[in-house]
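Listed next: structures, encoded as C-alpha cells.
Each of the two complexes below includes chain A, the first together with chain B, the second together with chain C.
What follows is the complex of A and B.
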C-alpha cells in the first residue's frame, strides 16, 4: 500500500508545474553558466562547473519545498485524502508513502539536472571527475532532508508559511555549519543557548561536498557514511514527527 | 448572444517581439566602457560563509567576477582604502573573503597578487595571499613559481637574501614530484641568467634544445641560436675586459691568444669566484685560457669590438636570406641553379662575398655558404 501511495505521489510530483518549471529554469540557467565562465578571465571551466553544481542544489531544494509543502494540503483541498483514508490504510503508511514518492521524484529530478548540467559543461570543454557523482549524491541527501522538513512543517502550518519556514531552515541549516567559527565570540549562557538552538536545525554543511568535488578533491568513506547516517537520522525524526502530528490531525 | 472572443496570441506575439527588440536594443551599437565599480559589499569571511547558504564556492566566483570592475577603478585611483576598521585595503579584504569561501580556486591567488602587487605595489599583502595559496595547495607548481618570482623580483632575494632564496627553492623542489623538479631547476637556471648580459633568454633556448632530436633542422636552428647567444655574451665580456688592457687584444689577430696576453686582473674581476660554463675564458691549473668562440672559431678583434666569426657567419646567412630566396625563385623558373657567383649576378641578384673564407654553394635548392671547418671543436651543448 505504501508503494501504491508512493507511485501515485511520484507521478503527481513529476507532472506538477512547479517541478517541470524549475527543471526548465535549471536548464536555461545551466546554459548561461558557460557565459559566466567565459567572462571570468580564466578558462572558465571550474566556474561553470561550480555554478551548475550550485544551481542543482538550489533548484533541487526549491523543488523539494514547492512540492513537499503542498503535498498533503492539496490532498485535503481536493478532498482526495478522504477517499484514500477511507480505505484500510493507517495514516503512518500514508505519510511514509507520500515521502517515498516525493523522494523518488526529487532524486529523478536531481539525476536529470546532473545529466543536463554536467553534459553541458563537458560538451563545452570542462573535464569531469568521478567525485562529482558523489557530490550529486550528497546534494540528493540534502534535498531529501529538506523534503522531510517540508512535509513536517506542512503538517504544522499552511503551505505558504511552511514554505517560508522551510527556506529559513535551509538558510539556517547552512549557517549552523559555520557556527563553530563564530562560537568563540560568545560566552557563558549565550554560547550554550546558541549551541542548543543550532542543534535544533539540520546541519546542511554535511552535504556540501560540491566545493571540493569541482577541484577533484575526494571525500573519505567515513565522511560519506557519516553524512548518510546524519541524513537518515534527520529524515527518520522528521517523518516520525509528521506521522505523530498527522495521526492527531482532525480532518 | 454569442460574442466572438478576442484572439490573444497575436497580441502576445506582438508585445513579446516589442519587448525582445527593446531589450536587444541595449546591445546594438553599445561601446565597451571601463567599469569603475567600488567594493560596496564586503562582508568578513565568516559572515560571508554564513550568508552563502552552502553555495560559498559559487558565490565567491560570482563576487570575484564582479570585482573586476574594482580592479579597473584601481588602475586609475591607486588607493584601495575602504570604510571600516583596520589598515587592510579593499583588495586584501576581498581576497581574504574569496579565499576563505573557496581556498582551492587558484585564480583567486593569481589575481590577488596581480591586484595587490602589480596594481597597488602592496608586495607584502601579495606575498601573504600567495602564502595562503601554498597553504591550501602545497603542490601547485604555478603558485610556487609565482611566489618564487615575487621573492626574487619584488623582495630582491636573489641579491639581498640568496641563502634564503636557495632554501626556498629547495622547499619548492621538495613539494614537487620527480618530474616537477625540472621546473625548479629551470627556474633556478632562469634566475641565474636574469642578470647575465646577452643571456637572458638562454634558459628558454636550452629548454627548447632539450626537446629537439640531434640532427634535425629544428635542432640545428636551436643549437645555432644558443651558440649565437653565447657568442654575443662572449663578445660583450671580452670587449669589457679588453677595455682594461688594450695590450692583450691585438687588432685583427687570430686567436686563441697566448695566456700572457690575457689581462688576468680584469678576468679575475669579472669572475671573482669561479668561471661559469658560458664564459669565453676558462681557468685551469695552468691559469687563464681563452676559449674559441661557441662555433669553434677564434675570436677576432675589429677596432674596439670583439667579433665571433661563427656568429658573423650566421648573421651573414640571415642578412642574405632575401637574395638567396631570389636566386631560388630564379632557379625554379630557369630550371637550374646558377653555376657561380658571376652568373648569379648576371641574373640580377647581387650576392655579397661571404666573410671568414666562405664561398657560395649553389648546389642546394636555397643557395648556401660553405665555410671552412673551424680550427677548434664547437662548444658542447648537450
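What follows is the complex of A and C.
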C-alpha cells in the first residue's frame, strides 16, 4: 500500500510543471555559472563547480520546501485525498507513502541536476573527483530532511506559514553547525540552554560536504554513516509527529 | 434482508468559530438494507455529507454506533472500506495522472488483484465513455468529465456498497440519464446504493427507500412506495356529481377521496357513473418543502453550544 501511494506521488510530482520548471531554471543557471568562473580572479573551474553544487543544493531545498509544505495540506484543501483515504488505507501509510514518493522525486531531481551540472563543468574544462558523488549524496540527505520538516510543519500550520518556518529551520539548521564556536564563552547554564534549544533544530552541518569535495578532500566512512543515521533519525521523528497530527485531522 | 449500513443514535460535533461547538449530527439513526437503493434527502448543510464522510472514514470522533456490513465501524479498521465505493461531492483529483493509470491505482488501493485491474478499468471506461481519454491527464477535464471519472473510480473495484454524494451535480441531461443507467446496472450487479441528493425526481426514479435529514436530525425515513401511497385517490365520474366533487368542462366530475372512504363512496355511486379511480401522483418537491418547513416550525434548529 505504501509503495502504491509512493509510486503515484512520485509520478504526480515529476510531471508537475513546478518541478520541471525548477529543473529548467537550474539548467539555465548552471550554464551561466561557467561565465562567473571565467571572470573570477581565482581558479575558475573551482568557482564554477562550487556554484553548480551550491545551486543544486539551494534549488533542491526550495523544491523540498515548496512541495513538502503543500504535499498533504493541498490534498486536504483540494479534497484529492477523499477518494484515497475512503479506501482501506490507514492514514499512517498514506503519510509515509506520500513522503517516500516525494523523496523519490526529489532524489530523481537531485540526480538530474547533478548530471547536468557536473557534465557541463566537466565539458568546459573542470576536473571531477569521486568525492563529488558523496557530496551529491549528502545534499540529497539534506533535501530529504527538509522535505520531512516541510511535511511536519504543514500539519501544524497553513502552507505559507509552514514554508516560512521551513526556510527559517533551513537557516537555523546551518547556523547550528557553528554553534560550538559561538557559545564557548557562555556560562555553563546558558551553554546548556543553547545546546538544548539547538537540539530542536536539525543540524544541517552534517550534510555540508561539497566545499571539501570540490577541493578533493574526502570523508571517513564513519562520518558518512553518522550523517546518514542522523538524517534517518530526524526523518523518522518528523514523520512520527506528522502521522500523530494527521491521524487526528477531520477531513 | 440484513442492513448493510446502520446508524444508531450517531451524533457528531466539531469546533466552529471560536469556542462554539457545532452539532452537525444529533442522534441520527437510519439503516440501509442490503440490495436497496437509499435516497438521502436534505437541504444544503443538513448533514448528508457529514454522515457519508463518517462512513468513508474521513471524519471520526462520533458518538453512537455506525455498523458497516454488520461490523461496528472504528477508526482503526480499514478493511471494510475495500467494499465501499465513494464519490465525494465536487470531487477533485490529481491533475497529472492519466485516467487509465489513476483508475488502476485506485483499484489497487482498494485491494483488487493486479490481474483483474485491466478488465475492471476497461469496464468502467466503457460504461462512462472514458475509453478515448484513458491516456489523458485530468488537468484538462471539465466539471462533468471529472464527475464521470468520479463515478468510474467509485465503481472500478466492484464495491458492495456504493455511496454517492450528490452524484448528478454538474451533469448535463444526457449524462444524468447515463449516470442513472450506470447506477441501475450497479444495482443489478448486486451493489447496494446510497446517495444523497436534493433533487427529488432522481430519488423517485432510482430509490426504493428514503431518509430525510434536516439540521443534523433524521426527520423521516421509510419505503418510497409507502410515501407515494399516501397520496389521495381521485375518482372521476359522469352524471350527477356527489357532494364535494369538482365539475369538469366535459360533463364529468372529479372527487378526491381518502383510502378509508373509498368503499363507502364507491358503494353509494352507481357503477355506470364511475369512469376511473386513480391514485394521484404525489408532488415530492412540495412534500419535501412542507416537511422541512414543518420541522422548522416545530423548532428544530442548528444546535450551537458554547
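In this text, the second predicted complex is superposed on the first by the 248 of 251 C-alpha atoms of A that agree within 3 Å, B and C clash if a C-alpha of one lies under 4 Å from a C-alpha of the other, contacts with A are read in each partner's own complex, and residues count from 1 in each chain.
Note that in this section a residue touches a chain if its C-beta (ideal position, glycine included) is under 8 Å from a C-beta of that chain, and two chains touch if they have at least 3 such contacts.
Bear in mind the structure is a predicted one, so any value in this text is a computation, not a measurement.
In this overlay on chain A, chain B fits alongside chain C without clashing. Of the two partner chains placed around the shared chain by superposition, neither chain B nor chain C is touched by A:122. By the touch criterion stated above, A:1 is placed in contact with chain C alone, chain B being left untouched.
Once the two complexes are laid over each other on the shared chain, residue contacts for A:85 go to chain C alone; chain B is not touched.
Once the two structures are overlaid on chain A, chain A sits at the apex of an angle of 160° toward chain B and chain C, using CA centres and rounding to a multiple of 10. Of the two partner chains, chain B is the only one touched by A:181; chain C is not. Of the two partner chains, chain B is the only one touched by A:208; chain C is not.
By the touch criterion defined above, A:250 reaches chain C but does not reach chain B.
Annotation for chain A, partner touching more residues between chain B and chain C: B. Once chain A of one complex is fitted onto chain A of the other, the partner contacts of A:11 are limited to chain C, with no touch recorded for chain B. Once both complexes are placed on a shared chain A, the shortest Cα to Cα gap between chain B and chain C comes to 21 Å. Residue ranges on chain A touching chain B, taken from their complex, read 36, 39-42, 46-47, 50-51, 53-55, 57-58, 142, 170-171, 173-175, 177-178, 181-182, 204-205, 207-208, 210-212, 214-215, 217. By the touch criterion stated above, chain A contacts chain C in their complex at residues 1, 4-5, 7-8, 11-12, 15-16, 78-80, 82-90, 250-251. On the side of chain C, the complex with chain A involves touching residues 14, 53, 56-61, 76, 78-82, 84, 86, 88, 90-97, 101-102, 105-106, 108-111, 137, 150, 153-154.
Every residue of chain B that touches chain A in the complex is listed here, in rising order: 46, 49-59, 61-62, 64-65, 68, 102, 104-105, 107, 111.
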